[in-house]
Amino acid sequence: MRLSHLAQALGRPMVGEDVEITGVATLADASPSDLSFLANPKYAPQLATTRAGAVVVRAEFAPHNRPAILSPEPYLDFAQAVRFFARPQGWLSGISPLAQVDPSAQVDPSATLYPFVVVGPRSIIGPQCVLFPGVYIGEDCQLGTGCCLYPHVVLMAGTVLGNRVTIHAGAVLGSDGFGFAPSATGIVKFPQIGRVVVEDDVEIGANCTIDRAALEETRIGQGTKIDNLVQIGHNVQVGRQCMIVAQVGIAGSTTLGNGVILAGQVGVAGHIHLGDGCRIGAKSGVGQDVPPGQDMSGIPVMPHATFLRVSQTIPKLPEWRRRLARLEKDVAALRQALQLDSKEDRTT
Amino acid sequence: MRLSHLAQALGRPMVGEDVEITGVATLADASPSDLSFLANPKYAPQLATTRAGAVVVRAEFAPHNRPAILSPEPYLDFAQAVRFFARPQGWLSGISPLAQVDPSAQVDPSATLYPFVVVGPRSIIGPQCVLFPGVYIGEDCQLGTGCCLYPHVVLMAGTVLGNRVTIHAGAVLGSDGFGFAPSATGIVKFPQIGRVVVEDDVEIGANCTIDRAALEETRIGQGTKIDNLVQIGHNVQVGRQCMIVAQVGIAGSTTLGNGVILAGQVGVAGHIHLGDGCRIGAKSGVGQDVPPGQDMSGIPVMPHATFLRVSQTIPKLPEWRRRLARLEKDVAALRQALQLDSKEDRTT
Amino acid sequence: MRLSHLAQALGRPMVGEDVEITGVATLADASPSDLSFLANPKYAPQLATTRAGAVVVRAEFAPHNRPAILSPEPYLDFAQAVRFFARPQGWLSGISPLAQVDPSAQVDPSATLYPFVVVGPRSIIGPQCVLFPGVYIGEDCQLGTGCCLYPHVVLMAGTVLGNRVTIHAGAVLGSDGFGFAPSATGIVKFPQIGRVVVEDDVEIGANCTIDRAALEETRIGQGTKIDNLVQIGHNVQVGRQCMIVAQVGIAGSTTLGNGVILAGQVGVAGHIHLGDGCRIGAKSGVGQDVPPGQDMSGIPVMPHATFLRVSQTIPKLPEWRRRLARLEKDVAALRQALQLDSKEDRTT
């Protein structure tokens, strides 16, 4: 593909020779027929040494000796360019005779079902869906248009996916929520008869678990992206355009607004609300409502700026212990020197 | 189903008209033919506005305008009522011709094996067991009566399940423990030749991992409930009626008493003991034995009441730094004013 | 097997009668035909009561009444002895007619493919590889000699395994990295077109997730051992002979040197470097580079020795609050007694 063609597709100006581009790579690894990019100025020195045939850069970084596409957002434009060289995974089309589809299910003829897929009674698989080997669709599920379910994804009964939902290998949607209550005769299970609903353009990572609601529905809002090994409890409502990083856990009945960002390994307690656009730092534990737009960190969370300052003081606590003890000794000596009566003013 | 029939089944009195009930729902979402419930007084105002046809409530909350079942334990009784409307998942019975069963395995004729199930040599599948698609049973496994293994559950060789064990999709039992030791010639693997034993009435969440013992057995005690994405290391012994919430990790050779509760994302070190009935707060790290009945939290854990007080002080540490510095300055000024010799009494 | 034969195989001297050994067990559980061992002196009293037929011990612990193999490294030698009694799992050989192999794939005739395995176009499966039921190998993958992939392991397109790689059930390699960037029109996905490369002798735990690189490769170095439920982000480079314990998460583009040890539930931020031989304590959060050989713990990490001292002070913070307040009161009283002007020297 000619560089000029790419520049045109991105709607950005180019400078230099109109070379042929056959791939994409980082500055460090690019070959002379690759397109590369510079987004983080920290890597600017690599512009001089890269073998890349062309680069996407901000105008101020345009190299003299190399063709470039000039962009105010090099990362986003390069991501767009990569699309021209990315092929979707998979190699079959149509419905494999080794897929097991219940006679009452409706599978759109444009869908692809690999071998060892199971589709349960009354489920509906929309146009252009691709179900990789080992995908299990229980009873009464609905998949919209263009969903991609990688190997071994499990949708338990009643799960609903919108359009263009991508689910990576091994994720389980619709497993029972952890609805147990101690009683006089042992632990009692509250039957979990709700479902999971996933809106359009959601992406869910490998080996995630999203539990069905106890009675109603667990919901993942439009455009939200979920990384690997994330746990989402029953009745949770996740808003639109949220980003939930790997190994996060969200306990039951909690609600997230839109645009919420949870960094890796965050834990969120049950029955609370995280407001629109709030951001929670990695490994934090959220036990209470978070107002919209707040950045919070820590276990339990506090404002992120406070957390940064706190983190600087924590390693000094052993030294503080000595300072406190010395102060007390000094103050006792001072009090003695002044012969202050220790009883009357010690009633703190 | 008539409301009176439900009341009778629960052994509780009812008041109001004997309406027909066709489903169950929360107060907020109920329709006029649904049964709902009030357990948490916080939601009492919804009793006035709900469209529910009837409710399960404590006598003091009995509504005037609506039939009700009166119960001292509305949550537990409602959970019981939900059972009448919950159907187990799955749609087949018998042994699919697409299941692969080793000739030396014994599968009870009342068991259900979906397509793409594999049962290895000498394994025994008890009456009324249901093995969903993709379940893998290795060699020499034993399943009691009425076990339910959802899609892609893996039991490696030698795993033993009691009766009425439920395992959610993607869980792996009997994988090798992490038995590695550094040596002069690199990391050496201790072969893992033990097994996993799961007692009656245990429930295990989606994508959990429970490792086989190095030599003997990893054991999950009767009635214990385990949430999703939990990791249990080799040789661990979990007692009876424990509750282990999502993303908990328990390192090798640790033992839990009965009725232990581990909240979400807790980590427990290896080779320690957690006493009967102790409870560990979310995200805590347990590095030492915990006595029976203790509530502990924190990293590392301390008594839960202490943890709550500590959590209130932590965000104040930056302010404390200033207060400490000011005290030191003041005390130095006082000492100077009194001309105390700084040397002799500074030998802290 | 005669004890003398085992002693010879280990290259260690034996004392006592040359008994027949039929199995291996812990001191507590051994029967009279079992070999057992004592590595941790804490268990030395069990030497008197064990029923074991023979033991592997250090010379100073050699029992009078029982045959023994004397070893300076009883744990490592016992691990070696266990190998004689361990059988690999699995019961088939050859390529099952129920495995689906693309005609363009190359499967070595000495490999074993269980039913319901899928091998995609152009993939190469080396000699003596064993692929358990439900294993999915996408397009253009390469497996060296003697790899063992347990049930439902997923290798997405382009994944490369060296020789003798073991992957436990449910692990997913080559899923898309979490490459999302907010933009004016919503969250944009950076297509993930790199791959995962796993070097020789690596072992990967059950239900782990290792993401493909955005552009180049995610790499796991020779001999590294990874426990269950570990998440490794895109572009991560893990060195040789590392040990990564369960539920660790490593964010994108981070690099680990050789011999790094990450304890359970550690989180490592993206774009940082952990030097050779550093060790990170359980549940820690690593946000910055760690120099070689350092032991670090805490959230965020500090030197491990500091962390231990800090951990002792944390539960005392509520008491410190009272001590600080009392000091301030005392100092104010002292200042008043001395009539120090409070304004001039309060400019901290």
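Lettered A, B and C in written order, each chain numbered from 1.
The rule we apply is simple: contacts are C-beta pairs under 8 Å (C-beta built on N, C-alpha and C of every residue); 3 or more make two chains touch, one makes a residue touch a chain.
On a predicted model such as this, the values are computed, not experimentally measured, just so you know.
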{"item": "Intersection of the contact lists for subunit A and subunit B", "value": "C"}
{"item": "Same-residue or different-residue interface between subunit B and subunit C, half as cut-off", "value": "different"}
{"item": "CA centroid of subunit B to CA centroid of subunit C, Å", "value": "24"}
{"item": "Sequence positions of subunit A contacting 2 or more other chains", "value": "116, 134, 152, 170, 207, 229, 247, 265, 299, 314, 320, 324, 327, 331, 334, 338"}
{"item": "Subunit B to subunit A touching residues, read off their complex", "value": "24-26, 29, 73, 75-76, 78-80, 82-83, 85-86, 89, 91, 98, 114-116, 132-134, 150-152, 168-170, 203, 205-207, 223, 225, 227-229, 241, 243, 245-247, 264-265, 282-283, 299, 311, 314-315, 317-318, 320-321, 324, 327-328, 331, 334-335, 338, 340, 345-346, 348"}
{"item": "Touching residues (chain side subunit C, partner subunit A) in the complex", "value": "100, 102, 116, 118, 120-121, 134, 136, 138-139, 152, 154, 156-157, 170, 172, 175-176, 178-183, 186-191, 193, 207, 209, 211, 215-216, 229, 231, 233, 247, 249, 251, 265, 267, 269, 285, 287, 298-300, 302, 306, 309-310, 312-314, 316, 320, 322-327, 329-331, 333-334, 337-338"}
